[in-house]
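Okay, so here's the structure we're looking at.
Going in written order, the chains are labelled A, B, C and D, and every chain counts its residues from 1.
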Amino acid sequence: MSRAPQISVVGAGEGDGELLEAAEEVGRRIAEADAVLVTGGLSGVMEAASRGASEAGGIAIGVIPTSDPADANEHVTHAIATGVGQARNLAVVGSGDAVIAVGGEWGTLSEIALARKLGKPVVALRSWPLRNRAGTDLGIVEAETPERAVLAALASLRTR
Amino acid sequence: MSRAPQISVVGAGEGDGELLEAAEEVGRRIAEADAVLVTGGLSGVMEAASRGASEAGGIAIGVIPTSDPADANEHVTHAIATGVGQARNLAVVGSGDAVIAVGGEWGTLSEIALARKLGKPVVALRSWPLRNRAGTDLGIVEAETPERAVLAALASLRTR
Amino acid sequence: MSRAPQISVVGAGEGDGELLEAAEEVGRRIAEADAVLVTGGLSGVMEAASRGASEAGGIAIGVIPTSDPADANEHVTHAIATGVGQARNLAVVGSGDAVIAVGGEWGTLSEIALARKLGKPVVALRSWPLRNRAGTDLGIVEAETPERAVLAALASLRTR
Amino acid sequence: MSRAPQISVVGAGEGDGELLEAAEEVGRRIAEADAVLVTGGLSGVMEAASRGASEAGGIAIGVIPTSDPADANEHVTHAIATGVGQARNLAVVGSGDAVIAVGGEWGTLSEIALARKLGKPVVALRSWPLRNRAGTDLGIVEAETPERAVLAALASLRTR
């Protein structure tokens, strides 16, 4: 058996309407590409993306900080209740064959950094405008739209 | 949307043929009950249960210690790559609405203990014969067959 | 520089007076042997052992589940605030060159199991009376008194 | 008993000579202020800071990814062997009453982000030049020298 590709979407637990619409579209397009969505399973960007994926008939896995699957948002298809608090961020990005960051606060930045530490492809949509002191290429693809973000994530899977 | 019930199966990374057959039957019966199987995603009991579930058309989620989904066994439908080593045992049992222990070495004992610490129903099949110093009821159901183990786990879900 | 030996003491967050006295004596004797005490940093056995060590002039490290060092009990010399919830049990036993279990509920059992999984020497004082189905030697030393428990832990360090 | 303040120093496992000298001075000045140093316990910035602290007679706690205390660098006074891989980054910053980032690659960025997520004061020395899309104040103090970095960290403790 070969697993379906898994794409992790990371983003804050709250956000304005436009950002959440973008997250929902990202989730929907991931499902339409027959990929599995992985998120942190709570509110905001995580919930919007999960709704997009599950309403399109796809699978939305929520990897949550607590030990109670019932803490996942209602659009999560399967809940992984890690019990390790914010360390679940590592599990969210580790589970993605590629990672899409939508908007983002500190938790999202930690996920982008952990994803790159693990060598995962990262696509950023309205997220942190990162640069390092040396000004070298950080290997993060900046996407302008949800559609392009998902296409970039899917493209990164093919070249692995 | 309401999530399908999730049953975690814990057990060692190796085992004799009889134990692995039991694990495979447990996985199959979980899938036939339309529940989702969660395991530690590696070899032995974890792999046998995953094979049983996926060959019956069910879903087998593997929650693995590393950050690479490719480390999951080939019968895993979706891989959660936690990156937290043996601490993933907490995520395996936390994700179960009930937990079935099949055989077991030290890792399995840690999972039984963590599951009970979290208040999860635990069913034991050829696993550790536990008692405490006070001789009080430990709240673990001992099952004689894979069929009875899965029935006991399903029954525990109804009474929650 | 060579680190001082580290001995982890695991036990429940509550306990009767006799058990807590035993835990305090264990902590004191660890400090008197110039070893560093590591515990889970909260109440009960963890606090009693920390008090015993710190009042004897020793070092008591508390490895706690939250991200706030202030959550450690007041007898902890240094607080490691892991933020990983019950997964900090793995850090407590991993940090010990030997592990002493004093009394114990489910959390303690998970720590004994994780310690043995990691191959750490384990000494049990009024703790779980473990046996497996095969009846083989589990490699756990049963001690009758706090003094003998600490001596057994120290002896295990010399033979490593 | 009141614990000594704990300052976490985060930084990469490798670095040029100038950066490692800065890290060593940071460690030394933390020890001279009677604060306890916490690092990730491995090489590079972590080792240099630990050397600085321990050679000044201070305490250097190393919070490492594996379950074997012997994996810590030789300048670590006490080793916490978490066993949770990169999730130990959360434990490193959680244990600090303040956090100093020295240089930094992806792992360091994840630690800065987790520290801010937890609301910990962060001082940056030759580290990531962070800004967010909104251009709001990120609450990170940029220091020009090791001396000023430690002074800023100590100042943040007094205002908590």
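The rule is simple: a residue touches a chain if its C-beta (ideal position, glycine included) is under 8 Å from a C-beta of that chain, and two chains touch if they have at least 3 such contacts.
Here the structure is a predicted model, which is why all the values come from computation and not from measurement.
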item: Centroid-based (C-alpha) most distant chain relative to chain B; value: D
item: Same vs different contact residues, chain A with chain B, by half of numbers used; value: same
item: Angle of the C-alpha superposing rotation, chain C to chain D, to the nearest 5 degrees; value: 180
item: Inter-centroid spacing, chain C versus chain B (mean Cα positions, whole Å); value: 28
item: Averaged-CA centre spacing for the pair chain C and chain A, given as whole angstrom; value: 39
item: Chain B, residues touching no fewer than two other chains; value: 67, 83-87, 90, 118
item: Category of the chain touch graph - line, ring, star, complete, other; value: complete
item: Interface residues, chain D side, partner chain A - complex; value: 84-87, 90, 105-107, 109-110, 112-114, 116-118, 126-133
item: Touch list for chain D against partner chain B, complex; value: 67, 83-87
item: In the complex with chain A, residue positions of chain B that touch it; value: 1, 3-4, 6, 36, 38, 54, 59, 61, 63, 66-69, 72, 74-84, 87, 90-91, 93-95, 97, 118
